[in-house]
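Some structures are shown below for you to check.
In what follows, chain A forms one complex with chain B and a second complex with chain C.
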Partner chain A sequence: MASTVAQKRLFHEYKNLSTNPPEGITAGPVSEDDMFYWEALIQGPEETPFEGGVFAAELKFPRDYPLSPPTMKFIGGGVWHPNVYPNGTVCISILHPPGDDPNHYEHASERWSPIQSVEKILISVMSMLAEPNDESPANVEAAKMWRERRAEYEQKVRDEVKKGLGL
Partner chain B sequence: MDQSFDLPDSTDWLETPLSLLAPFESSLRCQVCKDFFDNPVITSCSHTFCSLCIRRCLSTEGKCPACRSSDQELKLRRNWAVQELVDAFKLARPSVLELARRENTRLARGEEEIEKPAQKKRKVNHLEEEELQVPETNSQGRRTRSQKSIDSSARERTVPQIVPEVIEDSQDDEEYIPEDGLVACPICFRKMKEEAVFPHLNVHQQEEDSPKKTPTKTASFGSLKGAPQKGLNLPSKQPERLPAINYSILKDNALRKKLRDLGIPDWGQKQLLQRRHTEWMNLWNANCDSKHPKPKRVLLQELDIWERTQGGHATAPSPFTTSNNVMRKDFDASEWSNSHDDDFKRLIANARKKSEAKARQTIPGGCPSSSGQKEPQSQQGAGLPVDGARVEFGPDTDGNNVIDLSG
Partner chain C sequence: MSDEEPSLNIPSLLTLAVVSYFVIRWFFNRDESAAGGSRGRGRGNVVDPAQVEQIAQMFPQLSTRDIMWDLQRNGGSVAATTERILTGRGLETPPPSFQPQVAIPPTNIPPTQTATAASAPKADAQDLISRYNLSAKAESPPAESHSEVPSKSTWSQNKEERQRILQKRRDDMILAARRKMMQKNLGDAQ
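Now for the complex of A and B:
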């Protein structure tokens, strides 16, 4: 199959991420046969209840990437977080195309643009773990707990992190 | 697809002593496709992209991807200077990279002791300075002196003057004034008295104005002169640009006829016809920005690729059909964690090390208890040396992929 713009571009991003990875982030295609399906590992940011955790996620890229953004979903155990759906799907403005704004709170400037990248997405997700966006929660329960019972929320997150590490 | 795995990339420079060329090369690449600029055009907001990339962006969104200000295809202007930069850099790239890599192996052999990053960095910078400044001197010198004398002089001198002043040139020339007190003409190298040089240069100027080129010029001089001229030459037979269509006022059949008239496939629903026409218009108009437009046949092949990947022949409406279904649907966690054993081990070891170091003890003691529900590797993970872990995603096994998250 002829290599398309999307494949080439994803390859460049992959090469860049593997030679020059940002701290705490690992990402790449699962198989070289399919550049449109990636997996990523993100370290829980320090000074947060997620610290010490390692979170795996899958990234799926559309054929017209980078015109449209990928989707991202945590796998292998959920992430208890206001902006992560119970099934693991990440809800963050950089993953939303500027055209549609289902949540009616995002500035176009925060949303996806073809010059964004996997690296920027993963960095955004890392900072999202540290600082949840309360305005439009994907996980209402988690958002409520975060807002009203912060200590309980943090304990739950720490417990999940330990569970994830097999401790 | 296979050829994409040896694509040149700006990261190629990172492990060489010329690592500063990585950002330089990045700036010669389009931010949308990450490839070298191909027929670069500049937007109203002064951002440069490949003609095709920005046309595709504008036709989907109408905004500049870099700053999100609105723009129109009609306002795009070609950016020849960038095209020339890219062309020149692409020509020079293989040999410079080769040289840099050889230098790298030489350095590695020279220093048996395990290099400390900081030390190496200093050495690297020093080398870069030398390497980068030599060509600079050259380009200055070319104006007045022969390439040969510069090459030899650049090596001996520790020179590099940055301001191109006439005085500096004459200072330099002192080194080369032979005992007879004569100086060489920078063009034909004939020896003459210093006062005679400028009047003599006029002769060359006249020769140049006349249609026939002087055969006495050296190759390097000639090629320098040739380059900008090439850039100004526009192909005489520029193809006509295609106008945008307001699809909403066209009935299906009218649109179908338009596509037929353009010589592109006319099957499918109206939405597909629209998308195909837009893609064709982008391909065609981007080709009009090219110095050397491709024949229509090639564009039709490109449209066919589009048809198979995103258009009517794309395997299914879902863009993710070729994704590994086993991975998605009935996801096997233990299988997955086995295949990512190394990643996990390394990151876990890393995480442990960090939390131990900080003595914050969010993880009790870092001791591997056996309460883990599924992964056997978490028990082995604790003692694993962090730097020993390698992550290999794909066919690159040349060590580029050692990912160190500890730093």
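Now for the complex of A and C:
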């Protein structure tokens, strides 16, 4: 039962994202036979070192979506960012279920709740690319570089962006 | 007289030690080869997990440990264990010392772990052009793909059509970004 609710909701979100796509975002299920596995493309935000880049990510939804949030992981590598684990997994508050904050720095309103959506996640990730959250970094190395050697960080990001586009 | 024939002397002790060493070694080697090769019928403590699973599916109320114990004692016969359960004799509780060794194919575990650890990042570190098979389209002139842009923000009632539209939007997004980046690179180079 729960999974049909999830499927309907995901289908609805897919339809909204297709008919009214937010700027710089493309997302949908890899195959409609499995509504719980999506791929998304996000454009790098302007006036950041990610500008001009396109980043692919996979979204895996739990069976009890939208009660629990999906997980999101960049694929194809190349997202050198304090809040993205070296394996590509994205770590931001909107992907954390309420009550699951060991660090107590996130407001409940920032975290996942059924009134959030895939679109909001992707928009949050876009702004995360522009403004890393320095608290509890997922990629310590990237966080350190971002904090202490900003020019080097930005150059690395630009190189990865080009590499991601096959250039 | 008895002084001349001691029941135990050093050479005989040594011989005994050497002989027993070889006997024990042979015994354990035999167990190992049985576990690796055949399904370890009745040899050692080896139980085939597939057989345990088979019985556990038929009789979910039974503990896996009891099933393993019975299988091990009857030499890995599913039929014998099943019959024993069906005739109402039930399974014996194994002694606490019983440590079932499950004959998991030894090749399975380490390679998957190392593979995901070592090769996954490499497989991931692939650019979007090769990921979505866009190398042919990336070479073609941009004007061609621009003509079909209206496919943006459409929704079809047909599942395949929807899939196609999504794929096209995705490809267009990547190719457009690539073209833009190439132009920018050219500009920077000059």
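Here is the rule we go by: the second predicted complex is superposed on the first by the 161 of 167 C-alpha atoms of A that agree within 3 Å, B and C clash if a C-alpha of one lies under 4 Å from a C-alpha of the other, contacts with A are read in each partner's own complex, and residues count from 1 in each chain.
As a convention for this text, a contact is a pair of C-beta atoms (placed from the backbone, for glycine too) under 8 Å apart; a residue touches a chain by one contact, two chains touch by 3 or more.
Predicted model only: the values in this text are computed from it and were never measured.
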Clash or fit: chain B against chain C, after overlaying the two structures on chain A? clash
According to the stated criteria, A:75 is in contact with first (chain B), second (chain C), both, or neither; which is it? both
First (chain B), second (chain C), both or neither: which does A:165 touch? both
Of the two partner chains, chain B (first) and chain C (second), which one does A:114 touch, if any: first, second, both, or neither? first
Going by the contact rule set out at the top, does A:5 touch chain B (first), chain C (second), both, or neither? first
Applying the touch criterion given at the start, work out whether A:23 contacts chain B, chain C, both or neither, answering first, second, both or neither. first
By residue count, is chain A touched more by chain B or by chain C? B
Can A:53 be said to touch chain B (first), chain C (second), both, or neither? both
Quick check on the output: what are the common chain A residues between the chain B footprint and the chain C footprint? 15, 18-21, 26, 28, 31-32, 39, 41, 43, 52-54, 56, 75-77, 161-163, 165-167
If you look only at chain A, which of its residues touch chain C in the complex? 15, 18-21, 26, 28, 31-32, 39, 41, 43, 52-54, 56, 75-78, 86-88, 161-167
Taking the touch rule as given, give the residues of chain A at its contact with chain B in the complex, in rising order. 1-9, 11-16, 18-21, 23-26, 28-37, 39, 41, 43-44, 46, 49, 51-54, 56, 58, 60-64, 66-67, 75-77, 98-99, 108-109, 113-115, 158, 161-163, 165-167
Which positions of chain C touch chain A when the two form their complex? 120-121, 124-131, 134-135, 138, 152-155, 159, 162-163, 165-166, 169-170, 173-174, 177-178, 180-182, 184-185
Any idea which chain B residues touch chain A in the complex? 1, 3-5, 7, 9-11, 14-15, 31-35, 53, 56-57, 60-61, 63, 65-66, 68, 305, 308-310, 314, 319-320, 322-324, 327-328, 331, 333, 336-337, 340, 343-344, 347-348, 350-352, 354-355, 358, 360, 362-364, 368-369, 371-375, 378-379, 391, 393-396, 400-401, 403, 405, 407
